[in-house]
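Got a structure for you, questions after.
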Amino acid sequence: MTSKEKDKLKHKIYTLIFEAETPAGKVFDVILLLLILLSVLVVSLESIEELSYHYLPFFRFLEWTFTIIFTIEYALRIYSTPRPFKYIFSFFGIVDLLSILPTYLSLIIFGSQSLLVVRVLRLVRIARIFKLTRFINEGNVLSKALRASMNKILVFIGVVLLVVVIVGSMMYLIEGEASGFTSIPKSIYWTIVTLTTVGYGDIAPATPLGQMLASCIMIMGYGIIAVPTGIVSVELAKSDRETANTRVCPNCHVEGHPVGAKYCFNCGYKL
Amino acid sequence: MTSKEKDKLKHKIYTLIFEAETPAGKVFDVILLLLILLSVLVVSLESIEELSYHYLPFFRFLEWTFTIIFTIEYALRIYSTPRPFKYIFSFFGIVDLLSILPTYLSLIIFGSQSLLVVRVLRLVRIARIFKLTRFINEGNVLSKALRASMNKILVFIGVVLLVVVIVGSMMYLIEGEASGFTSIPKSIYWTIVTLTTVGYGDIAPATPLGQMLASCIMIMGYGIIAVPTGIVSVELAKSDRETANTRVCPNCHVEGHPVGAKYCFNCGYKL
Amino acid sequence: MTSKEKDKLKHKIYTLIFEAETPAGKVFDVILLLLILLSVLVVSLESIEELSYHYLPFFRFLEWTFTIIFTIEYALRIYSTPRPFKYIFSFFGIVDLLSILPTYLSLIIFGSQSLLVVRVLRLVRIARIFKLTRFINEGNVLSKALRASMNKILVFIGVVLLVVVIVGSMMYLIEGEASGFTSIPKSIYWTIVTLTTVGYGDIAPATPLGQMLASCIMIMGYGIIAVPTGIVSVELAKSDRETANTRVCPNCHVEGHPVGAKYCFNCGYKL
Amino acid sequence: MTSKEKDKLKHKIYTLIFEAETPAGKVFDVILLLLILLSVLVVSLESIEELSYHYLPFFRFLEWTFTIIFTIEYALRIYSTPRPFKYIFSFFGIVDLLSILPTYLSLIIFGSQSLLVVRVLRLVRIARIFKLTRFINEGNVLSKALRASMNKILVFIGVVLLVVVIVGSMMYLIEGEASGFTSIPKSIYWTIVTLTTVGYGDIAPATPLGQMLASCIMIMGYGIIAVPTGIVSVELAKSDRETANTRVCPNCHVEGHPVGAKYCFNCGYKL
């Protein structure tokens, strides 16, 4: 094999593995995602004690199969990419390595397979599939709205954290050890659980004063939940409007034509 | 009875049972719905042990009454429909059969009546009543908005599921068996319970690190709940606006002209 | 006292008690509301065992004081109103009677004072105070929006109830007695607790299948909560817009002038 | 040092401590905030028993360090401000005193350090940092929207409190002592926990009638949560629109012209 043939093969592998525009690349991506999903499912099922007790050899076999396939894929990625080190130390490079390492480590260190769950991080690649489909527009509108509301939401989270620390400390002083408010961090944890209306009930106020303060926080939390919703709604409406009607009438320069309009609704000019 | 008379009767029954536009058809539909509601109520009440202990014969009598009525209705449906097999294997055909079968089976197999709850599925027919009333417009606006936001919500649910699997696996590694995180599927279940702010408290993090991660998820869930609300709000506003401006172009009969439009956006005709 | 003087007095009392436009009527209303609030507070505090144990005579004294005042008020209402029977059998007439009766009954039947909590219903009169204040506009916008969205919300609640009955029955079949799903009504109760993201945790699914179904319901509930919020937002926006800018420019007939505008923003005409 | 030099020094300290516009003032503010955050962190960690057991001397040392630094700061504030008494009796003056006092008191009264958590209130100063950054605009939009929706939200909270008191009393009558509804205030607390969808589960209805009423409250709470969200969304949209259109009239300097305005709505000047 000449060096040129090698280069050609390398490029072919690169296109297959790293790109998703060609039909073969698409097929590769879908198969890879199915394998990742399956391997995550196997790791999940193995973590159920009753199952792992009965089907351990079968799970081990699947684990090694997936590990070997992913190892080959990892090797091909390093081989075919023009800048191997950039890939190895990129986020996906590290995730790819971490999702095969635990199986090999389990030969030396007993029990390290449970680290295989790190494989779920590979699922982030699923985002690439989305890029190729009709969901791209929806995803864009959503992420545009979220980016636009980011600053407002940061201010909001800042205020919420301040409230949570102050209220958590007050609850620690009011309730004390008896009802489970054993430390300030734990009280802050309780305040977050309450303010977000999750409400586990593992810690709950027992004194009348504590219950009164808790009631105030809940009603506050009720109002507070309205703020991010309002922020995102407004940004979504804006981002949606901008994506939808930016066609301007060439005659009278009026905007806001409905989707599929053929004539300007203001002057009757053909669009 | 001649074949023609038979056909006429058949058609009459068909109109009565399957259609809802005639006054008799409407009455039939309302009576049928009341019977379904009553039979579901009886099955519900029978499932309460204290009641079934005291009033068993009475419940049995009602059960058989409803079953016989529904059996006659089922037979008439098969008899009157022009394409019996299409009906039998349709969704409603199967549901209709399943809602009478358990009572007959209870003669052979003891305890099979509890399967009668399948009858609740017949309640879906209630949707037909809605079609006939002033709620039709409201229902249309709602379902139009939900259909329009479907793609965005699918992208959103995809992202949420990805987050849930990753966080669930992390909680499994962090918390371990002690606090109830006994397997990855169970940890994922806990993550969903927390992210949706349901918060049963049957499983709750006990380690400081777990509680910190849980706090992050809750505050995230707080922000995340804003996204579907925003999506639906925007679509509802759009769908509402479009339904409101139902001015029809007298030339091409296209709807949905913006407020203040002077010309039809489709054919340029002066409104 | 002549009959004319009597009539005058009657009318004076009527204006004082039933109307709220005169300064004296306003003062009467505020004092009455304070008395109702205080009497509700006393009934509330008496229900706390530790307090009622120590301060029973004091509570009884207050109770009788309030009862006598409210009895006089009730008598004056009957005396002064032109149509006594209409008042006696109106909602407020019955509530007024019920809020004094239990104290008298407690002389005959021991323990009937606990029925005094019915007095809280008198608090609904607080709505009259709102009518007199600057909150009237805000209240109008809110109630207008809620009335406008009523039909949509009824359709929505209908669909939710249908889902709740179907899912509740399924959970009863899946989970069974072991995890607390002892009857269909109880399973439906659990489904409502879960779908509304309240999540007490007194009943929680234990089987993998049950937990999977529960996860689906939660994620559904997440999306479902978006619907009423969207409906109310849209109606509030509409109702707010209509209340705000309905001024039309007399020259060019353009709407939507900001509050406090002096000139039309489109043609510069003085409004 | 002459009196003039003293005055100059005083003014220099004042600018450094109280103002945040100069570069030195900014640096001072950031350092102060870091110290407050650190001291809150130390108080929080000390409240965890396992940590305070092992590292008590270290925590005490840090505590005294922070106290001495804050004491010097407090003294300088009193010294440099032109009106010392106004500062001492202002909100921040009292908070500043309260955040150093407990450490000194702990020399006399054992255990008073736990009052040091009052220091978290100093974190409110963090708001000053926000004033200096690009978050100012976002914060303005948010606080403007919240102020504008205040009246509507007050009406809403009034109605919610009325419902909560009435339903809480009904639950007390229905459920009674057995299921934890031991007094009316406790029942009201439970109603708030349920209506806000927090749902601890420390108190939960056990009777069928109680569970039915609870179900109604939950579904109501579901609809009720929509109201503040709708209010805030509408106000945010308005406040956002007004902030966005900050075109100022060159003639009368009025802001807030609608998009597409050709004339100032205040003075009729052509824009």
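Lettered A, B, C and D in written order, each chain numbered from 1.
As a working rule, a residue touches a chain if its C-beta (ideal position, glycine included) is under 8 Å from a C-beta of that chain, and two chains touch if they have at least 3 such contacts.
The structure displayed is predicted, hence computed values, not measured ones.
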Shortest path length from subunit B to subunit D (each step joins two touching chains): 1
Minimum number of chain-to-chain contact steps, subunit A to subunit C: 1
Self-contact between copies subunit A and subunit B, residue sets same or different by half: different
Remotest chain, subunit D as reference, centres from CA atoms: B
Whole-Å separation of chain centres (CA-atom averages), subunit A against subunit D: 30
Distance between chain centroids, defined by C-alpha means - subunit C, subunit D (Å): 29
Contacts with 2+ other chains: residues of subunit B: 185, 188, 197-201, 225, 229, 231, 233, 237
Touch-based graph of the chains, sorted into line, ring, star, complete or other: complete
Subunit D contact footprint on subunit B (complex, rising order): 197-201, 229, 233
Subunit C - residues contacting subunit B, complex: 151-152, 154-156, 158, 162, 165-166, 169-170, 172-173, 182-185, 188, 194, 197-201, 204, 208, 211-212, 214-215, 218-219, 221-223, 225-227, 229-231, 233-234, 237-238
Subunit A-touching residues of subunit D, taken from the complex the two chains share: 40, 43-45, 47-49, 114-115, 117-118, 120-121, 123-124, 126, 130, 134-135, 138-139, 141-142, 145-146, 153, 157, 160, 185-186, 188-189, 192-193, 196-202, 225, 228-229, 231-233, 235-237, 240
